[in-house]
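Please go over the structures that come below.
Next come two complexes built around chain A: one with chain B, the other with chain C.
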Partner chain A sequence: MKDLAHTSYRNGHFTVNGKLLAEPTSSPDTDLNNAWSALGIELPRFPRMDRSSKLVAICGSSFFIEGGALAGHSKETIGMVIMGKHGSMDTDSKYQAQLDADNHASPGQFVYTLPNIAMGEFSIQHGLYGSGLCLLNNAPDLSQMREACVILLHDHGMDAIVCGWSDIFADQATATFMVVTERTLADWNAAELEKIFNDH
Partner chain B sequence: MTTENTTELRQQLKAQIIQHLNLEGRTVESIADDMPLFDEGLGLDSIDVLELIVLMDKHYGVRIADPKQGRDVFQSVASMAAHIEANR
Partner chain C sequence: MTVTLGAAHVLSPLGEGLAASVERMLNGATALQRTSTAFDTPAVLGIIPKELLPQGPRRIQRLIDRCMQPLVQELGNPKFTDRWGCYIATTKGDIAALENGNANGAALSVIADHVQKTYGFTDRPWVISNACASGTSAIAMAGAAIERGFVDHAVVIGVDVLSRFVLRGFQALHAVSEDPCLPFDAKRKGTSLGEGCAAVVLTKDASILKNPIGTFVSGGIAHDANHISGPSRTGEGLVRAIQCAMKKANLSATEIHAVNAHGTGTDYNDAMESIAFERSGLSEVPLSGYKGWFGHTLGAAGVLESLLALHALNTGLVLRNEGLTELGVPSKVNVLAKEMNVEGDLLLKTSSGFGGCNAAVLLRAKRQ
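Now for the complex of A and B:
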């Protein structure tokens, strides 16, 4: 699977197709901002997004920049399959803490208190109109991801899927994304993908 | 309210908007009193409006009773300050 387009973020280490673009500092929030800056994409809303949405934006956006695997691809037929463990718990807990502290809820946080919002935010950023699946699991399950991609590719008219694992809670953030097409399915190498997704 | 107080309120609002909406790279000085808050101005969106509603309630005890009011109130920092001065 040497042509597999993939990105990875592990607590500040951000790589695109295996090339390191950002390294960790002492602050997880700074790390997310640095990883985004490394992509060189202008997005005024980025600082106001929740951390789950930032993580998806960081790992998914490189596919759409010039030279990326999905640059120039029809936005109508790009789907998404995102799996994670904590869903929106990172934002949920902050929202609840704010309510407990001063009885004033932040609408800007409230809108992110659903696990699939990060996908929606990403779709808006990139103008995607395809189908999406948000899955919760204890750990990356590549056979489930493959099954979900097959459904979107074969039954929902998609021809490319932004697929991966994205999980953030407290100060732990891990994400690995790849582009799945029919060719990816044909070349599917479970051992190689396990290494990409779990090689910490 | 005196002109001096209005100026102070506007400056305070700008600082609070930058802080509440996490407008990285923005300074109080970079926001003109009559700069549009949306689109070509500060570029805020509908979610940000909800934050501004909470900001006015929390810090000034001023609520937007009629959603239609919002369009006029949130045109600029100057219009927000005027609404606060008239209602608190």
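Now for the complex of A and C:
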């Protein structure tokens, strides 16, 4: 799978196709902002997003920069399969803490308390009308990801899927994204992908 | 290949079981009730009767078990080998665990842990969380997985329970009606929240089912890329989801006999849906939404409402849209204020949710 387009964030390192995007710091928030600057992509909503949405936005947007795997691709037929463990728990906890503290429910926080909102933000940023699936699991499950991509590619008329694992909660954040097409499915190498997704 | 649905079981504010629930929708009143004690704030809610589901910890797991046990029994206690898939649709799972600071207990994947361990699924159950389109998305994925040969059978579970977390959030967005919600009505003032669980088997081998209730035809999922908490004004995502399902099945709008809509009772959602249905050529098709009966059950809604609509269509009926007095949406739709006899068997179920998710499934009733 030598031509697999992929992005990852692990141990503070954002990489695009294995190339470091920005120098790591000890803070995921700083890393996210630095990666946003380094990508040089228009993401007007980025400062207002929650952290889960920012992580998906950075990893997914890397495919749309000049020379990226999806640059110039029709946005009508790009689907999304995003998997994570904590979903929106990072924002859920903040919303719950405020509710507990002064019985105030913040509408601005509440709208981010669904795991699929990060995918929704990503679709808005890039004008993606395709099929999308938000999945929760304890760890990256490449079998489920592959099945979801096959169904979206073959039954829902998509021709490329932004597919990956994205998880952020408190100070822990990891993500690995790839672009899945018919060719990716033909070249699918589970052992190699396990290494890309789980090699910490 | 034909993918058949059966061994269905539901639990909602209407009660337990498809037949009893539909009977109440024909001859009874809404299950929405006014309360000021449930979450320390006045609200109209659809609450599962406490004799069916007592309050207390691990409520969502007890609800799933109450729904799954009759399903497993009807199947004759099968082994859920790797030829079985399990697709769980939920939005917030056991979010009440977060009130005690238990973030791990509130994680949605905990539900998959429980279902896998309790029922012995060899393969990891899927947890699909596409906001309020989760249930319909889960049916679409399960049906396609069987057609693609990934599995031979699938259990689809839609589940969500009421919580202070969600109720206060919807109230903060001014999306909750002070009275029982009135989907598609001119006087609608927001949604009502509810809770429920629905479980159903999809299979390529109908002989494992004692009481098949219909077949899966096709599904579609699409985003509207518009706003994270507001639907597209043009219904774009929903139109695309419906088109995806119709194209896959090579069917046209004129072949659809009934529509079960999302119908939340909020101004923007119901308006959006009417526009999408008219754009899809469905203006004349008998249509209803069920949230006036038991509220918005979030991740459970797509599965629960699909099964109720399919059961009704099996008897030749499209049930009424509870609460409708005067239609109040911008585009032409045939919303039913009274149940209606129909000849056909093809049902379109749609759902839409925050994040711009939309899902549609086509199901064919097995007329009795």
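Operating definition for what follows: the second predicted complex is superposed on the first by the 199 of 200 C-alpha atoms of A that agree within 3 Å, B and C clash if a C-alpha of one lies under 4 Å from a C-alpha of the other, contacts with A are read in each partner's own complex, and residues count from 1 in each chain.
Definition applied: contacts are C-beta pairs under 8 Å (C-beta built on N, C-alpha and C of every residue); 3 or more make two chains touch, one makes a residue touch a chain.
Predicted, not measured: the structure shown is a model, and the values here were computed from it.
Asks: Based on the superposed arrangement around chain A, label chain B with chain C as either clash or fit.
Replies: Overlaying the two complexes on chain A (C-alpha atoms) leaves chain C and chain B fitting together cleanly.
Asks: For A:164, using the defined touch cut-off, is the partner it touches chain B, chain C, both, or neither? Pick first, second, both or neither.
Replies: A:164: touches no partner chain.
Asks: A:68 in the overlay: touching chain B, chain C, both, or neither? Say first, second, both or neither.
Replies: In the superposition, A:68 contacts neither chain B nor chain C.
Asks: Taking the superposition on A as described, I'd like to know which of chain B and chain C A:107 touches: first, second, both or neither.
Replies: both
Asks: Spot which of chain B and chain C makes contact with more residues of chain A, would you?
Replies: More residues of chain A are touched by C.
Asks: To make sure I follow: the centres are taken over C-alpha atoms, the vertex is chain A, the ends are chain B and chain C. What is that angle to the nearest 10 degrees?
Replies: One gets 80 degrees for this angle.
Asks: In the superposed arrangement, does A:48 touch chain B (first), chain C (second), both or neither?
Replies: Once the two structures are laid over each other on A, A:48 reaches chain B alone.
Asks: Between chain B and chain C, whom does A:60 touch in the aligned arrangement: first, second, both, or neither?
Replies: neither
Asks: By the touch definition at the top of the document, which applies to A:140: first (chain B), second (chain C), both, or neither?
Replies: In the superposition, A:140 contacts neither chain B nor chain C.
Asks: With the two structures placed on a shared chain A, what shortest C-alpha distance in Å links chain B and chain C?
Replies: 8 Å.
Asks: Do chain B and chain C land on any of the same chain A residues, and which?
Replies: 105-107, 111
Asks: Which stretch or stretches of chain C touch chain A in the complex?
Replies: 91-92, 95, 98-99, 103, 106-109, 112-113, 123-124, 126-131, 137, 141, 144-145, 147-148, 150, 164-165, 168-173, 218-229, 236-237, 240, 244, 247-248, 353-357
Asks: Using the touch definition up top, name the residues of chain A that touch chain C in the complex.
Replies: The contact residues of chain A facing chain C are 80, 85-87, 89, 92-93, 95-96, 99-100, 105-107, 110-117, 119-121, 123-124, 126-138, 141, 143-144, 147-148, 150-152, 154-157, 169.
Asks: Looking at the complex, which residues from chain B come into contact with chain A?
Replies: Residues 21-24, 43, 45, 47-48, 50-51, 53-54, 57-58 of chain B touch chain A in their complex.
Asks: Please output the residues of chain A touching chain B within their complex, sorted ascending.
Replies: Per the stated touch rule, the residues are 44-45, 47-48, 102, 104-108, 111.
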